[in-house]
Structures are given as structure tokens and as C-alpha cells.
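First comes the structure, then the notes that go with it.
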Amino acid sequence: MKENGEIRIGFYICHCGVNIASVIDVERIAAYAATLPGVVVSRHYKYMCSDPGQELLGSDIREHKLNRIVVAACSPLLHEHTFRKATENAGLNPYFMHMVNIREHGSWVHEDKELATGKAQDMIRAAIRRVRFHEPLEKKRVPVLQDVLVIGGGIAGIHASLTLANAGKHVILVEREPTIGGHMAQFDKTFPTLDCAACILTPKMTSVKDHPNITLWSYSEVVKIDGSVGNYTVTVKRKPRYVNEELCVGCMECIEACIYKEGKWPDEFNVGLSKRKPIYIPFPQAVPPVPVIDPEHCVHVKTGKCRDTCVAICGDRNAIDFTQKETLTDIKVGAIVVATGFDIFDATQIPYYGYGKYRNVYTALEAERLINASGPTGGELLLPDGHKPESIAIVHCVGSRDVHYNRWCSRVCCMYSLKLAHLIKERTGAEIYNFYIDMRAPGKSMEEFYNRVSEEGVHLIRGRVADITPQALPEGSDQGGYLGKLVVQAEDTLIGRVRKIPVDMVILAVGLVPQKDAEEVRRMLNISCSTGGFFLERHPKLAPVNTFTDGIFLAGACQGPKDIPDSVAQAGAAAAEALALIDAGSVEIEPNTAYIIEEDCSGCKSCIPLCPYTAISFDEAKKKAVINEALCKGCGTCVAACPSGSIRQHLFEDEEIFSEIDGLLTYA
Amino acid sequence: MEHTNPTDAAPWRPRIVAFFCNWCTYTAADLAGVSRMKYAPNTRIIRVMCSGRVDPQFILEAFARGADGVLVGGCHPGDCHYVEGNYKMLRRYHLLQRILSDMGIEKERFRLEWISASEGDKVKSVINDMVEKLTGLGPLALPDQRAEWDREMDILEEKMSVAETAEKEGTHA
Amino acid sequence: MPEKQKPAEKRKAPEKPKVALYWCSSCGGCEESVVDLAENILTVIDAVDIVFWPVAMDFKKADVEAMPDGSIFASLINGAIRTSEQEEMARLLRKKSAVVIAYGACAHLGGIPALANQFERERILRYIYEEAPTVINTGGIRPMTTYKDNGHTATLPVFRHVVRTLDQVVDVDYYIPGCAPTPKLLLDALLALLRGERPPKGTVLAPDTALCEECPRKDSKPTDLHFTEFRRPHAAPIDPELCLLAQGFVCMGPATRGGCEARCIHGNMPCTGCFGPTSRVRDQGAKILSSLASNLDAQEDKDILKILEGIPDPVGTFYRYGLAGSLLRRALKPL
Amino acid sequence: MLATEEAVEQMWGVTLDKLYDSEEGRRILSCIQCGTCVGTCPHGEYMDYPPRRIITMLKAGLIDEVLASDSMVMCVNCYACQTKCPRNIRLTEILLPIVKEQSLLQLETMPAELQKAIENTFRYGNYMGESARKRTQWTKTSKIPVRILSEDPRPVDALWLVESDLSYHPRGQDVARATVQIFDAIGADFAILGNEERSAGDCGRLSWEPGLSETLIDYTLSILKKYTYNRIIVSDPHALDALNFRYPMFGFSDTVEATVSFVHRHLDMLRPRLTKTLKYRVTYHDSCCLGRHNKLYDEPRELLLAIPGIELREMVHTRENSICCGGGGGGMWLDTYYKAKGMERLSDRRLREALATGADVLAIACPYELSRFEDAVKVAGAENRIVVRDIMELLVESFGDN
């Protein structure tokens, strides 16, 4: 490939305030760039991305007839589009602009000014050489399908679905559990306002069910995702519920009628604190309000030999349907909102807190169920032996802020611990001891709530719990049954004493962790995870609900620990981003596709098996390989592997990269 | 421009050309920047969409042009934005390493690393580690080597041009 | 070098254009290919005067030196440059010729002799004079580089440390590739030049598509070929119809310029790459490596390495004719 | 948490002013003052300057005040604080030993028993002050002959460092003889250093006497150099600690194995001999060095469970949450000092936990614990309820042919 025409390059280096200029000598580089072949204009400017900065670029293009632009500034992932736009506005093809990243890869990571300037100079020389080979390119547009998939029916997924549906978009909401509602449905009241979680959540759940624009697929899982922005094909596995959602009227008589008179298996919704039957509904307000049959334990499903009392009572409604099978259904959507939520830290990992060993040690989620009026005890906080606890320790930071478990602060535990302290004190009058490391109460009304709880006489002890042991040494080996008082031991760091406080009950404020299958989901979606395993946003500040995969957005705690207001806010943002995408009707795709010059190709077929998108095929008539640019995603693998150098890639031409390499390494 | 002069008194520092994939490693390098992690300034990054785009020619060209090391960064296995471009690079890596070793280029000079978008710290540690290892190995400096090799032709060239001059002078005289 | 072409054009009319042929470090096959023109050689002789061809005609260096600069229409130099004598002759012919053509794989890319660039000079000499199984040289005697006798000094040409392509020593105008080039390529090239055609300098005078284009087995290559093993031609039977890559033999065809009439393939042997890469490729070995490796059928390191065991000598395989002209050119720490 | 190689390198010779030079030392700056170290420290409540405060005082430039106190004399090097620290600050490996060493230098009067123990170790190579020549006396009453390398220096597979307690202490000698029987049963090719051996200079006990520790390490290394062996087997977990974490700083890189893990590795060879049913309810005490610092939790338990009839019962504090017997870090010779401070002996506290399990045998795998718990049993008047036995003794007791 040859350079085309007379090359007139404009070079711009950005100070980025002091972000770049404090480390890299921008003036020296601008002077240096001016000496390089083809450079007509070379400038340094305070903020290239500002309006005057962009205008400077534009007026230079017009005035000096520039036909190539190099901007040395921040990461192209941040501002490439800005400068392409500015280039285009001045009448030049935007792909004649190339960016050099001297901030994220330069001034921010190097301390030695001389070396950082030297590095920047090398990178700029490379860009100035590269840009000579640039060619005008046209952006591709592909139409965007109008339906949206929302994965996960917790509060974030519900809110995102409703927002999109209200905007007139068809939403398919896929929820793994038999009901939507997520963790929020399990909570009693919510901090700091103390609204009853069910009271505010249930109407939204009902709206999902009734919304004409929402298709709710509960008890279903996304198993495969193909395609790309605007055009995703999603395979959803629908598990058999054995109760026909269309025919069921939600009378629940089948549950009553089950041959098991009492619940026998741990109830998932009550985190195992109560028992359920093989046919059950997770909780009374579940959506859809349709029972589900657990195939592991239903006698009919297991053996086929049951009196089928449920079928009998259902009568001619015929809603019980044992013929249901697992199905795989493909749907096509333009955008995907991921709202898969979180899991709670497994407290058995910390042996010295005695969870799973002493029966009076609970997780906060269990405590939520125990004080919930719809919970296993009807809202009465009772110990397993039926006694009311008189003293309770709430241990903060369980599994959080600890290099042995999770490094992060789980963000919600301080506040939910205070909420539990308040609710339990209010209902039982027990003495409450909250052991905390730092009280984290940022955000609207949070500090006020903390004040309120302190004033209510909750003992707030600043010290991380170091040990929890039975007050009376249990006789024998059977500590699993231990039910007596527990001594919670911690240093009260504010008074500098070790305190050993006997309590009837311990509540562990377990932290938030990624869902167990977050890794698989991440791979399926082709998105990234942060170090802790939560899904990674495109930019922590400027693109908090976007992912690096266009068309996939994040909502709620799958992106990181979050409280309800933040989850809802983020869900709204994700919905808006999805809406902006699909309402535009089409998306621009980077024109970085691969292409073949027909006469160069020998038809060796080496490239054909390399393409994961089957964009390359063999033209049997011409005996040459052909690339379907609509299918090509621009990875360039075939380009690198073409043995005769006959496949090229827009924006990443061999000559462009070779000239970059040569530019980087040239001794001046 | 004095800074790039090889005869400059400044101590030799290894030069690394890095090819980072847009989705994982380039982003991780951005993250290292946003997190203000400090690392050795010896690497010059070239952005490609996928490690699968890294043509072995690029690596050889970088060495031939004077790189002391070449680093290729891609997504972890199973994480490739383009399904398995990184595997294709991995396969080339193994074959190319054999060629490089046969040609006397130490394996430490060519490195393939999987660095995900969230591993800013890994960008830092890999680059620092590579700089340390290359500093230990010393310069590769292929262009200098070439010049050194070609010096063996100088004597003859000189001799011939002397003869030519003499001949010309002879004719003119 | 436009100024050097001028004299050649001047003397177009009365005399026939002069042509020189010279043989540097090569096997002689290139010279043979000239002879292989057979009756076509008469066409050539009709059109040109061969003024220098040491293998066939008794001209001396001094005769060439006596010619005016640029007076030779075209010099066809074959062989790589390994010794000072070859270097000297190349320079001389360059000076005297309007057009210099690197003729054959060795002059073009280094050829087989350039595989010596993997080894130290001393090691080569030691092997040749002392260690080769056919040599008995208990005294370890080596040829003297200079010898004085009767007031005269005889000097052996210097054996260089590096094998070079012709264009690494002198400016080259065109290349005729192949080990050896086909008589057809030679004839076509000469006739075109004689017609006054001047392709851009540096052009390789052969088709610019890879060999697969003209391969008789092209249709038998599947579109989903993944390599699970590599086989070596001497160690396995070769199907005479099926694409050699499809049989697991390393065939350089996809990475090698066509124009050879697929001679090796017709002989039921895989292409070894003598025509060099297409104009779009800088390093033929890197490219075939990239293509083959990308299509390996393995994900794990150990499985990948296992398959690659089938290519025990990748440098010798991928750079059989092109090491001197490759990006690395020579081993850094030669053996 | 096992120390990493770098951590090991960084531990040696660090002084307070160089603390932040290393990554492990600098980690102290990440302390969030959560108090877990104090809360879990078995003596935390008695210290004026427990670990958390030491860190704040250090950061505030008030460390002299800490060094002038006797808080660190109470540290029993049990690794509990380090194990639970949410910031993984290497308290027991790095910070506390420095403070301890300095504090001891400033003590007005050195506790007499401790003084004597250090002196004895220096002069005789064992804290009891026994003659070096008596070191191998126990072998005379061993059923199985024991090869002594100084007499028979042929190469050997396993060089067994017996250490002082097993060599001199009468109950320790029982364990030594039992250990020999076990080694014999698994067909081990082993030998001991004999009278040449001296205390390995274990890091826990002697960290506040680095000079003495270093002398002993130098000496031991010079002796080890004379012989050819494949591995070193150690019965004393403190010595194991020294070999694993201190000796490498002196260029030592031999394979080291605790007796329990060595025997555990050959359990299949031992099993046929364990034919006699022992109807014991056994509770096992995890020693600090073997457990928390070298992560050997399952091996001793599996050895016990290999004995027919044994029922294993766990105490409330177990495995990484075990409580120190009080003997580490010099605590062995500070009982009087601690008593004067009104502190309960940790072995007494631990014994109560053992008794609560209803066990009739308290199994141990650290020689200090023999004497500490046997004393505690006497103090508690529990001689009829529980006995203290080393795992090796229990294994031998189960030999059907005995």
C-alpha cells in the first residue's frame, strides 16, 4: 500500500491541564514534531478536548489544508470519537485522525519526566509515520433490533424492565428463580427510611406481571448469547415448573392438597429457616403467582407413583402439567441489561465466628427473615429453643475488608446492621451490641439514621470481633447443638480494653460477593470482571452502566455492592442507555473490517477456518476467499494469518502497524 | 532530539514494543494509568483489536528495528472478545519462540501475557518484571549488530573506491 | 538509477544489447536453467550479445573492467554473496550494467547457502576441513589465505561471516525468483526488458499470487483444515492427488509466490518456498508460521507443543531459501 | 498463613528504623486499627501496648514508650494475631519480635527463670543446663537401636533432629523412644546427630535473643554440613519453624519435615501395626507453630484416627483458632512472672477446654506441651480424668505386637 497524495499533517499535544504537562514536556514535543516529515502544523494546547481545542483543530484543517491529524492526549478509548468528530466537522474524513495515548500510558504511570517525555516522543513519531498511510473510511451502520433482554428479576432488573417497557419497548425479563423479587423481597424494612420492603416492591412486581410490553420468563436461564450490538441471539433455557402459568389461577389449593401434609425441605426463600413441600410458592406475593414443583422431591416426578392429589384438586383447570419438559428458546434482541445481582458471603469460611457450629449464630439475611412478619416465625425473633433473645451482638464486616476473604467494603452492611439493630431493639427490647471497624454511613439520610440508632441506645463498639465462643464450655464433642450464651470477644479500641460480652444471639453482617456463577455469565456475555469478580463497567465514572461490549449494560449489585436506591438508579441509567441505543434505530460500527483484494488471493483457504464469525467463505467459481464485511467484527486474526499477505484490515493495515513499529524504534 | 541519540551518555535502557489488545490489555493499561500506578517507562504500546491480529512479522520487525523485547498482551484464555483470537496468538507464540531461540534470541525477550481489563496491576508487574529481565540480558540491538556485520564489507568497498579514484585520476592525468 | 540507464538506451540501434551472467554462491542450477532454454536460447542469442559468462565463455574480469560503465544492458547474477570475490564481482557488474537482475533464489533471498547464517564462520570451516565424516585431516590443516611464491602473492578470497543476498551488497533492479527459475520466467523477463518494458524497480518478475493459485491440488484442500499433526515427506507416504497440507505435510505453497508451474507438487513433493514471498509480505517464514500455527487444533500449551514437534527444524523449514533476506537475517549467537 | 519466600527474606535483621523498607514491613501502614489482634491475643487484655496500639504508637513516633513497657514480654509468639489480621500484617514474624527484643533490653530485671534458660542454652546448648554428653542417654533404653551420625557417619535418608526436650526431659524421652519405634515400623532409614546436637535456636523462643539464635544456627549448620542426608525430620515444632523460616536466611535449603507429616506420609506402612484398639476419647491440641504457622492441621488428626477405637473430640478453640499452651516466645520460663501479674496460665485455660470435651486423653505433638499440660492436669487435680500423650506414644500403644 502506498501513501496517497501530498501529506499535510497537523500535530496537537494536549496539556490536559497539568495531567500531562506536569510530567511530559509538551512544548519540547511540539517543537520536535514540527521537524518531522509531513508535519505542517504542530501545537500544544491546554485542553484539546475542550470546544476551543476542537475548534483550533478544525480551523487549522481548513486554513492549512491539513489532511492528516495526530492528537497526543488521553486514551483513544476516551476521546477518539471527540477528535474524529472535530476532524469530520472540519470536512476531513474522521479516519485521517489518529490518537496517541500519553496520559494513561504516559504521564500518569511514569515519574521520570525526561524518560516519560522520551517515550511520548517515540510514540508520537510512530503516529506521525502511521497516519501517512491512513485512508478515508466510511462508518458502517447496522440496524438495531427493538427488543431488550433483561437478565435477573431483582429490584434492578424489575426497574430496568419497567422503565424500558414504559417507553414502549418490548422487554424479555429472564429470572432464574420461580419468582422475581430477588434479595429485596426477603428483606423486612429498608434503611434509612424504614419502608417496608414488600410494600414498595410488590406493586412493582405486579406491574411487571401485568405490563403488556414485558414477557416474564421466570424459572429460566440464559444459556447462550451470540451476535453483537443491535443484533443479539439469546438462547434461554426454560425449566419445567410442572404448573402451567396460563392455566393456573393462583388459588394455591394444590399446595394444600399435596400428599405431604407438612413442609419437609428447606425453604429457599426463608434461607432454610422453614420447610416447604415439593409443590410450593416461594412467598405469597410471588410473581408469577404460580406454584412450582420441585422435581427432586415430588413423588410423581420421581417415581410416577403418586395419588396426584394436586392434579385432582386443580380439577378441570388442568394447570398441573407433568408433561412439561425443559425447552431451549432463541430470542433476538438489540440490547441486554444484566442485573444478575449478588450473593452473600459464606460465613462458614471464618471458623472463629462459629457460623454453622453454634445454633445461635445467624447471618443478617437469616435475621431479616426472622424479624419479617411473613417469615418463618411470623416476625417474632425467637431462638431455636423458643426463647426471646435478651442480648444480641451484630458483627460488622464479616467477610469484607479482609485480605483473607474479600478485600472490598460491602457498602451496605453498616447500614443494614444499624437497621437490624433498630428493628430488633424496637421489637424485642433486647440489648444490642454492634461491633464495627468503621461506621460507614455516606449518602442521603444515612448519617441521620446512624444518629438515630445511636440515640436509641444501641451499643456501638468499635472493634472487630476476634472470637466467638460458648460461655459455658459445652460438654462433650457435640458443639453443633450448642445453644447457650455466646461470648463475643473483641477489643473495644476506643477504650483500649478487650471486651467479652455474653449474648443470646449473634448476627453476622455478611458482605456481598459476586454470584457463584458470575464467571460463567461473564464469559457468556463476553464482558469483564473487576478484581473481586463483580462485572466491570466501561468507565468507573463516565460509563458506569456500560460494559466493554457494546449493547450490554449493567444494573444493580452484579457490578458491585449497592444498596436499593443505587441499584434502582443504576437500573434506570442502564435502561436509558439501552433505550438510547435502540431508539437510534441503528448503530455505527467501527469500519475496522478485514477485506481481500481479489487478485491477490491465491485461494489457499487457510483463513477460512480461522474466523469465529464465519465471515470468510470460499467462492467456488472464482476460487478465492471472500469476506462478508457485515459479519466481520474486525479482530484481524485472518489478516495476521494470511500466508500471502492478501487480507488487509481497515484502520490496522500492515503498513500502518509496520510504520508504527519503525517509528517507535527509529533512532533520531 | 539528543535524547534518542544512541551515543548519548545516558545509560542504556531496554526498549520494549508491546502489542496490546483493545479489549483487555490495552484497557488494563488505561486502568493502570487511571489508578496512577507507576511502572518502568520502557514500553511503547501499539494498540490492536485482538492479540490474534499480531502478525509474527510485527514481532520480527520490532526486533529487527531495535527492540530489546516484545510483549504481546491479550485476554485470558476463554475471555477473548473475538472468541479465540488469543489462542491463535498462543499457538504462534510457541512456534515463534522456537525460531527465535534457534536464531539466538532469548525467550525472555518475547513474552505473551494474558491481562484482563481489570488487571492494571498486572500491566505494571509484567512490564517491570520484563524490564528487569531485559536489563539483566543487556541490549539486543539488532540494527547495531547489522552495522557491525556489514563492516566486513567496508574494507573491500574502500579498496575498490580507492582503485577507482586512482583510475580516474590516471585517466585525467 | 536513471543516469545509469541512459547509456544503455543510447546504444540501442546498431549493436545488440550486451548481457552478462555471473555465478556467485550457488549450486549452478541457475546456470543450468539458462541452458534449459533449449532452442529458445537461439532467440536470446539473436537478440543479445553475451559478453561475460565465465561458466561458458572465456572472458576475464579485466575484460569487464575495460567496458565503459553502464554499457552492459543487463547482468543476471545468481548465487548468494559469501566471499569477497563475489562481492567484488557484484560491484563491478553493477557498475558496468544498466540493469542488475538477481537471478534465482540465492541471489534473491540467500537461498540454501544462507542457511549457513545459523552458524559461526569458524564452526563451518572447522566442519568442512576437519569434522565432516568424509574428511581425514588429522593435522587440522586449513588452506592458507595468502601464499607467496617467487615474489608473487596469491590471495584466497575472504570467507565472510555472513551470507548476503545480492541486494544487501549492491543495488538490484529486478529479481527472477526460484531454485532454479523456470526458463520461461527468464525468457519472458528478458524479452520484456528488450521490448523496453521497465516495471517498477525492485519488482520480482513472477506472478504476485501464492502458489496455491496454480496448484493442481487446490480443489482438494478442505475449507476447515486444522492441523492435529505434522508429517515429514520422507517418513510418510504421500497421496499424489490430495492437497499436501491436508495430508499434514508442511507445504509452503500458500506463502510462496507462484510462477514455478508447481514443479515440486507435480513431483509429489510439498513446496519448500524457493520463489519467496509475495510483494505484500516482508518475511515469508513468519507468514507461513502464522498461518500454520493459527490453524493448529489445540488449546493447551502442551498440546500445542506436541503438534509442533512435527516441525523439528522450523528455521530450516520456513526459511529454507530466505534466511538471508528475512527480517532476522542471521542468528545472533550463531552455533 | 505460611510465610512467602520474600517474607522470609524480609524477616531477618529488620530493625524498627528499617521497617518500612520492605513490602512486608510497609504493610503495617495499612493497619485499620480494627483490634482483631488484641481481641484474639491470649494475653491481649493484660498488655498496656497490645499489637494494635504498638502500630499506632509507632506511627505517632511514640514507640519508645512501648519499648519501655513489658507488654511484649507477654507475647507467646502464637501467631494468632497474624493469622486473623484482615490486612495480613506479619505481626508475629516481623513487628513483634523487634519490639520484643528492644523491650527486653530495657527491662529493669530480667525474669530469673528466663535468664537462666537463656544462659543454659548459651552454655550447654539446651535450656535445662544438662550436659551435652548426656544427650544420647535416652537411646540406651530404646528398644530399637538408634544410629548416631558422629559414630557412624554413613549417608542416611532422614536426619532426625531430636531437640532438647525429647533428649533430656524424662517424658520427652518417652516420646523420643516411641518416635524411634514408629520410624522403625515405617522402615525409615534414620539417624540422629547425637551429642553434637544443640538447640536449633528456634525463632519463637529466641527471637528476643537474636545473637544467641544466630550462634546456634551457625553451629547447627556447621554440624549438618558434615553429613549426607536427604531430609531433616524435626519433632519440635519450634525447631521446625526455625528451620523453615530462619535457616533459609543463612543459605539453608534442605528438605525439612515435621515428624507428624513424615509419619503421615508413611501411614500406609504403619497401619498394619496399629492393631490394638484403644478405646480413648481423644482431644487434640493444635500447637501454634505446627498449626497456624505450618498449616499442619489434618496430618496429626489423621494419625490419631488411624488408631482403632479412637474417638476424636474437638475443643471449642481448634485448628487456626487454637489457643496457645503458653510456652512459646519464652512463656515456658515466665510462669512466675505472669503469675505475679495476676495472669492465668494459658495451659490451665486450655486444659479446661480439653476437659469439657469429656476426653480422657489430651493428644499433643509438641514437646513443650507435655510438661505444660501435665502440670496443668496436676494443678486442676484432674489426674484421674485425663492424661497427656504425644501422638507418637499413642501410635506405639496401638502396636498389637507390643
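Order as written gives the chain letters A, B, C and D; numbering starts at 1 within each chain.
Assume a contact is a pair of C-beta atoms (placed from the backbone, for glycine too) under 8 Å apart; a residue touches a chain by one contact, two chains touch by 3 or more.
Keep in mind it's a predicted model, so treat the numbers as computed, not measured.
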Between A-C and B-C, the pair joined by more C-beta contacts: B-C
Greatest separation from chain C - chain, by CA centre: D
Interchain centroid distance [CA atoms averaged], chain B/chain D, Å: 53
Separation of chain C from chain D, taking each centre as the mean of its C-alpha atoms, in whole Å: 74
Centre-of-Cα separation between chain C and chain B, whole angstrom: 29
Whole-Å gap between the CA centroids of chain A and chain C: 58
Touching two or more other chains - residues of chain C: 281-282, 287, 290, 294
Residues within chain B bordering two or more other chains: 52, 55-57, 61, 88, 92
Chain-chain contacts as defined at top: A-B, A-C, A-D, B-C
Chain D - residues contacting chain A, complex: 1, 32-40, 44-45, 50, 52-53, 84, 86-88, 281, 311-314, 316-317, 319-321, 352-353, 356-358
Chain A contact footprint on chain B (complex, rising order): 1, 3-6, 13, 15, 17, 22-24, 26-27, 29-30, 32-34, 36-39, 41-50, 52-58, 61-62, 65-67, 78-79, 81-85, 88, 92, 116-119, 124, 143
Touch list for chain B against partner chain C, complex: 52, 55-57, 59-61, 63-64, 77, 87-88, 90-92, 94-96, 98-99, 102-105, 140, 142, 145-146, 149-150, 152-153, 156-157, 160
Contact footprint of chain A on chain C as seen in their complex: 208-213, 218, 221-226, 253-255, 258, 277-278, 280-282, 287-288, 290-291, 294-295
Complex interface listing, chain A residues touching chain C: 599-606, 608-610, 617-618, 623, 637, 640-646, 654, 658
